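A, B, C and D label the chains in the order they appear, each numbered from 1.
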Amino acid sequence: MKKLLLLALFCLPLLAFSQTKPYLTLADAQRISDAAEAKAKAEGWNVVIAILDDGGHLISLRKMDGVQIGSVEVAQAKAKSAVFFKRSTKIFEDAMKGEGGSRIATLPNAVGVEGGLPIFKDGIIVGAIGISGVTSAQDGIIAQAGVEAYQ
Amino acid sequence: MKKLLLLALFCLPLLAFSQTKPYLTLADAQRISDAAEAKAKAEGWNVVIAILDDGGHLISLRKMDGVQIGSVEVAQAKAKSAVFFKRSTKIFEDAMKGEGGSRIATLPNAVGVEGGLPIFKDGIIVGAIGISGVTSAQDGIIAQAGVEAYQ
Amino acid sequence: MKKLLLLALFCLPLLAFSQTKPYLTLADAQRISDAAEAKAKAEGWNVVIAILDDGGHLISLRKMDGVQIGSVEVAQAKAKSAVFFKRSTKIFEDAMKGEGGSRIATLPNAVGVEGGLPIFKDGIIVGAIGISGVTSAQDGIIAQAGVEAYQ
Amino acid sequence: MKKLLLLALFCLPLLAFSQTKPYLTLADAQRISDAAEAKAKAEGWNVVIAILDDGGHLISLRKMDGVQIGSVEVAQAKAKSAVFFKRSTKIFEDAMKGEGGSRIATLPNAVGVEGGLPIFKDGIIVGAIGISGVTSAQDGIIAQAGVEAYQ
């Protein structure tokens, strides 16, 4: 036990010194998308599921049959907003309901419609999920199902 | 004394005739950024600091560690709004809280979130500072610290 | 010695399991920029120096006095091309000199002018430097000076 | 004479210290445009005449009757290229005729068609003129006529 502690103490600075950050793999993105798609199917909802990395670039996108083509860009925009601002697009949606809430619309890349969620690993942002296709509240439920599959 | 007055009178029309305007140098931009960064550090806030020239072009940008990447564009957008409209983005933020305030969102290059301040020299606009990363009120405090280092 | 080896073997899987990647800090970006600026000054060249992270987002930008404003966007575009395609923009420049080389101009985010270099840490891309202001070959020399300050 | 020299020596540092740059007024832009329009009429050519300031923003634009609407943006793009890169768009046109010349097309804001000329005052860029509507060589002739009216 004491030796394990020593080993841990020895490895810790190595990790710290290496100045690294966690990231999403395609396998992660597929697991998250599978969970989101399963939830969507269970509810009978068709959506676009977009997974972005921590720089806002697509790792994975799936458009279920019959979804409006506008949702392809909307799902990506929601995910981009989530990763760019490290917060749920629901937070912007709520802010936009308050006095002067339309100011959010003047911020580049901000989206004020639920359905975009950031994805964190050990408190560090690694990417985001964006859902579009049904109501924004329903999009949010699917996004949440996706995020939960990662943690 | 009388001679100095004569000299001044002689130089004045030269200055007037030369039809010139003041401008920011990189040294100015770095001094302004240093003051903003010092204030941010003193408060424990991490932000992006953007300094634009009088045409809205970047002279200097710094992104402190850990700031959401969305702030890179937001800081520039706030500064651009400040230099394009010769006013604090706080003025647009206040206007957006009034009746029909969302009309501001339809103006190209207008940003309605505090944190962008124009920079003047002798009453002439020479550029702007844009801050993003914490709350808009806090962004505004850092921007002000930057501007004060120039005057 | 044998114990050190055991320690290393013990730490290796930890690092592997943690699935992380290195990244650039503002301090890194400033050190790289300082080296590039020093080289530019030593040569008597004025340039824009842009440092991007691994997602193509600005960490730092400096525009030396008197540089054409077009270089502000060009420096960023070169760096973006370098990080997006993990290669020097010189490689695209050379490719564009061959038969049908103009096809490169149809690739989103590709820039075929020397002066953009990717920055690697342990073989992993962590960002890029983009230089613009003098000839493309001179821009490339300054970019190289910046990269060398990191390794 | 000696006194005048002394006066000049006295005023010089004042001008230097004030760190200013010349700029174009609307009156300047109109004089330049008048000359360009007069040349165009004399030749029987109809064109768009755009005058930008040193930040690349419009001061004046005139579209003569019957000109293709595409020329409205082209004239501005030529002038923007001229002011952003402090050179005639003819220089980019010539460069694009050489080996690998298409690389110019990957530089943001570069236009490789004659008709855009930068405007300088005492060696400092103050703006640009952009002409579009006839052949690029003819556009260039009109641009030249405009610039000559300023100096």
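The rule is short, and it goes like this: a contact is a pair of C-beta atoms (placed from the backbone, for glycine too) under 8 Å apart; a residue touches a chain by one contact, two chains touch by 3 or more.
By chain, UniProt protein names: A, B, C, D = Heme-binding protein.
The structure presented is a predicted model; accordingly, all values stated were derived computationally and were not measured.
Of the two chain pairs examined here, B-D and C-D, it is C-D that is joined by more C-beta pairs in contact. Work out the mean CA point of subunit B (Heme-binding protein) and of subunit D (Heme-binding protein), and you get 28 Å between them.
Subunit C (Heme-binding protein) and subunit D (Heme-binding protein) have centres, each the mean of its CA atoms, that are 33 Å apart.
Within subunit C (Heme-binding protein), contacts with two or more other chains are made by residues 25, 53, 55, 57, 69. If each chain is drawn as a node and touching chains are joined, the picture fits none of the line, ring, star or complete shapes.
Within the complex formed with subunit C (Heme-binding protein), the residues of subunit B (Heme-binding protein) that make contact are 25-26, 30, 53, 55, 57-65, 69, 72.
The touching residues of subunit B (Heme-binding protein), when paired with subunit A (Heme-binding protein) in their complex, are 68-70, 73-74, 77, 81, 92-94, 96-98, 101-102, 104-105, 110-113. Residues 54-56, 81, 83-86, 99-100, 102-110, 125 of subunit D (Heme-binding protein) are the ones that touch subunit C (Heme-binding protein) when the two sit in their complex. For subunit C (Heme-binding protein) in complex with subunit A (Heme-binding protein), the residues that touch the partner chain are 7, 10-11, 14-15, 18-23, 25, 53-57.
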